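A single structure is presented below for examination.
Think of it as A, B, C and D in the order they're written, each chain with its own count starting at 1.
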Amino acid sequence: MNAILLIDCPDRKGLVAAIADFLYRHGANILHADQHQDNEQKFFFMRVEWDLADFDLDEPSFEREFRPIASEFGMHWRVEWGPKRPAVAMFVSRYQHCLVDLLHRYQIGELPCTIAMIVSNHTDAGPLAGFYKIPFHHIPVSAANKAEAEARELELLEAGGVALIVLARYMQVLSPDFVARYPRQIINVHHSFLPAFSGARPYHAAFERGVKLIGATSHYVTNVLDEGPIIEQEVIRVSHRDRADDLVQKGRDVERIALSRGVQWHLEHRILCYGNKTVVFD
Amino acid sequence: MNAILLIDCPDRKGLVAAIADFLYRHGANILHADQHQDNEQKFFFMRVEWDLADFDLDEPSFEREFRPIASEFGMHWRVEWGPKRPAVAMFVSRYQHCLVDLLHRYQIGELPCTIAMIVSNHTDAGPLAGFYKIPFHHIPVSAANKAEAEARELELLEAGGVALIVLARYMQVLSPDFVARYPRQIINVHHSFLPAFSGARPYHAAFERGVKLIGATSHYVTNVLDEGPIIEQEVIRVSHRDRADDLVQKGRDVERIALSRGVQWHLEHRILCYGNKTVVFD
Amino acid sequence: MNAILLIDCPDRKGLVAAIADFLYRHGANILHADQHQDNEQKFFFMRVEWDLADFDLDEPSFEREFRPIASEFGMHWRVEWGPKRPAVAMFVSRYQHCLVDLLHRYQIGELPCTIAMIVSNHTDAGPLAGFYKIPFHHIPVSAANKAEAEARELELLEAGGVALIVLARYMQVLSPDFVARYPRQIINVHHSFLPAFSGARPYHAAFERGVKLIGATSHYVTNVLDEGPIIEQEVIRVSHRDRADDLVQKGRDVERIALSRGVQWHLEHRILCYGNKTVVFD
Amino acid sequence: MNAILLIDCPDRKGLVAAIADFLYRHGANILHADQHQDNEQKFFFMRVEWDLADFDLDEPSFEREFRPIASEFGMHWRVEWGPKRPAVAMFVSRYQHCLVDLLHRYQIGELPCTIAMIVSNHTDAGPLAGFYKIPFHHIPVSAANKAEAEARELELLEAGGVALIVLARYMQVLSPDFVARYPRQIINVHHSFLPAFSGARPYHAAFERGVKLIGATSHYVTNVLDEGPIIEQEVIRVSHRDRADDLVQKGRDVERIALSRGVQWHLEHRILCYGNKTVVFD
């Protein structure tokens, strides 16, 4: 059983020494450690993963013992203890290629989580949810019922203890209130290489512009549409032979990859946000 | 010795038959033939390259004999006859990485042209021009003397019979009049993955946005800055470990590739423009 | 409704003229035409797709009328008439990531075929076959029963009129007799960047060698293991941080892409083989 | 002024704490720190870079003070102190594309070294060496004079205090004695995606095999040809339209990139070797 400690704070001498010494004194057998220093902004980021076998603290005592060090260095930190599998909700509209991909990855163990529910404003994904035995909630959304629909969604998310929402080609814009309830806990895939072609119908815009590569972007959702911190991007080559429809098809391949990596890295606690950017420890 | 025929016109039945029959009747030994049909816009594009060994027309008689067919189908066309090496002018400011790359490609025969001159608003590239024995013209450009500087440039270009201008990291915006003199004959490299980060300091903008891939774009210059038809794009992965300076360095690698491909394809008569897009026959 | 004509033959003057003239005389509205000339081997390849709306031949009369031209030029040719959906058999062992991917592509219309059956030496894929309502045949294979198992498979394939067999991570080597029954009709995905790491356990071999990129290859199956004509290859970057298991996971992403492209291109009649190589018209 | 400490040793609890504590006690302002643990082989790798401004040790006292810690943990280590620019020798035969590329990178400051000499078995690169004002040594090599030629080379290398030899398309195989004198100090670029197409004429072998991607590999030279630890690999897509010559040209682009990255990373002390593999800290 492992624990993962994530830290970001102003950079200062002695930081690593203090953390390493703390872990060593308590018997941590370190498996992975990554750090990053932003030398311009004087900011420090760290991810440490260790085996708990010989570790002499449990989660509550860790929190208690580590707090003085954290305070001294002004750390923003959290620890992920043991093999908890956070509850995840998948939101999807009609296109299921990302969902199909994520569910198979989940089934074969690539995604350390529990997919607690699939929520959709359409019924199309119902049978797929059934095949994987995941509760499916059909919640239609219209201009008229949007607040109500979101209230119903929030109720389900709360009841399910959901810690991550994946927008696997969910074509509704979430309200600021909704987003505020899940800060840095909603991952979306945008079907373009952001910041190019933000907004609607990016493949058609790319086709019109005559680009030679198209892309997809996974990012955390904020209240500025398509402007949240970017987690991963992937591109694929296109040519004059590709019509807009071909771009849509080719795009599906990069959407699957950009989104699944984003979700996996989030679940493995590899991502730290700062400002509007991400540090992704591989 | 080969000839290359380039055609674009409204699509119509019998087009290929008419062209193929014409070439066959005159003894053409076809080496490469590519065509593209835009089935939405009903437009047709073709590039045929053939060996002139057994061909029974010379350039003037080809023009005369082919004209009736061209008229019948409303073709926009041109023929490139034999091993002419068009005169090329390289424009550069201070950064020489693209120029160094292009000059070596030129020296080893990758670029079928004659580099007739190097024009710069700085003196830095003078020694490199000297090494490759290419005339170097230092023409400083300021807000005050811009019209005068361009007049001097146009004089040189005309005197040199220049058929292609390559902006190999030339940091001055050309005036509409200048651009109008060389339609689809000026190739620029923009140091971003257009349409993302058009305008100045794209690497710094990319750094601020926190993208995970950066790119470069070669395109024909039009009077709308960074909006001309895209010829080629190339990208490279970056991470949170890369500072803005690292993006600048990594970007140089993709700039070299995007620009050199654009120049080579242009010189090999592989590019047809339509609307604001390119057909690139590989 | 469209038809597709595929031709390969020794290169000769007048070939394109003869074909284009034939199609024009019969009213073909050409949608796509691609050709390739191997100027060293003096060989010619062509793919033409046309709309049958105004075409004045049906399939039998086309065969009759085109035969004299084909004979004159020594063509190896075939025509694919109309929206036939060839029957495809998927062979799979335990790993289902390629199968999951192909079945969803099939469902949303990316693959113009009918998946007639899924054959497996394990039972794992049974439920997935059931979800997509595709007949599933569990045929265990061992050293002892191999001939018998293949006989059973061949019987099923013949009964189903199967025209393409996809080895979607099928871990059994097919016998020469089996392969001979389906020349250029069996597509396999090998989980390495061939010719590197042919044979068993390529990811572990790649890990041992310390490569910085891993790949996957789709190819036609011949009687020389991993040596058939390559259709498509895809690669992905790895680092010292990746253990052999990580290579296996990353590899799945490139396997899906290399295989699905190979299958789609085959079904769209874009692939011509010559010698041990492929021409892939995009 | 910075220092860089590189460590590899068996993994053990307390390692990081000991190192971090040591650096902290002496006032190090850490700029970058990377570590890697091979949890299968129980091996540990570290690279730390710190600002020497407030550091209270100089190089000799560092060596003295750090030695006990190093001994305790059985470390293999070295420290790179301050802005030393190691002397580098470039070996080249006739193809100069990698050399041209490296020399420009050197000139604009991408490569923290001094290029002390260019050695060639041909005279072609002489003028380029002259342009960059780098001593050029023409040392022809034949079966008959090989030992003598290498003796002359070794003499030059020793006199120049050369710490890294870059084989920038040098087509002679170095003798085991020569290689033994510069362990992990000779970087070669092989013009294929190793281990595919090792040996001579890899592009022609790739053409024959009909691969859809070609590559280049930079690696440390050992006494087993093309089998040394791989530093970097890069690939580029090819198609049936590419003749062997086109592969050679496309290959040059990936050779330049694979080699220049390898050289830069070596000079920035980012590479640790273990077994026949590399850890590359980015």
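Here is the rule we go by: a residue touches a chain if its C-beta (ideal position, glycine included) is under 8 Å from a C-beta of that chain, and two chains touch if they have at least 3 such contacts.
Remember, predicted model here, so these are calculated numbers, not experimental data.
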Between A-B and A-C, which chain pair is linked by more C-beta pairs in contact? A-B
Regarding the chain B and chain C pair, does the interface count as same (over half of residue numbers shared) or different (under half shared)? same
With centres defined as the mean of C-alpha atoms, identify the chain lying farthest from chain C. D
Cα centre of chain A to Cα centre of chain C, whole Å, reads 36
Gap in Å, rounded to a whole number, between the CA centres of chain B and chain A: 42
Interface hub residues of chain C, defined as touching at least two other chains: 39, 239, 241
Please categorise the chain-chain contact pattern as a line, ring, star, complete graph or other. complete
Where on chain D does chain A make contact in their complex? 13-14, 16-17, 19-21, 23-24, 27-35, 37, 39, 237
Residues of chain D touching chain B in their complex? 96-97, 100-101, 104, 108, 110, 127-128, 131, 239, 241, 249, 253, 257, 282
Could you list, by residue number, the parts of chain D that touch chain C in their complex? 36, 39-40, 193-197, 209-213, 215, 229-235, 239-241, 243, 275-280
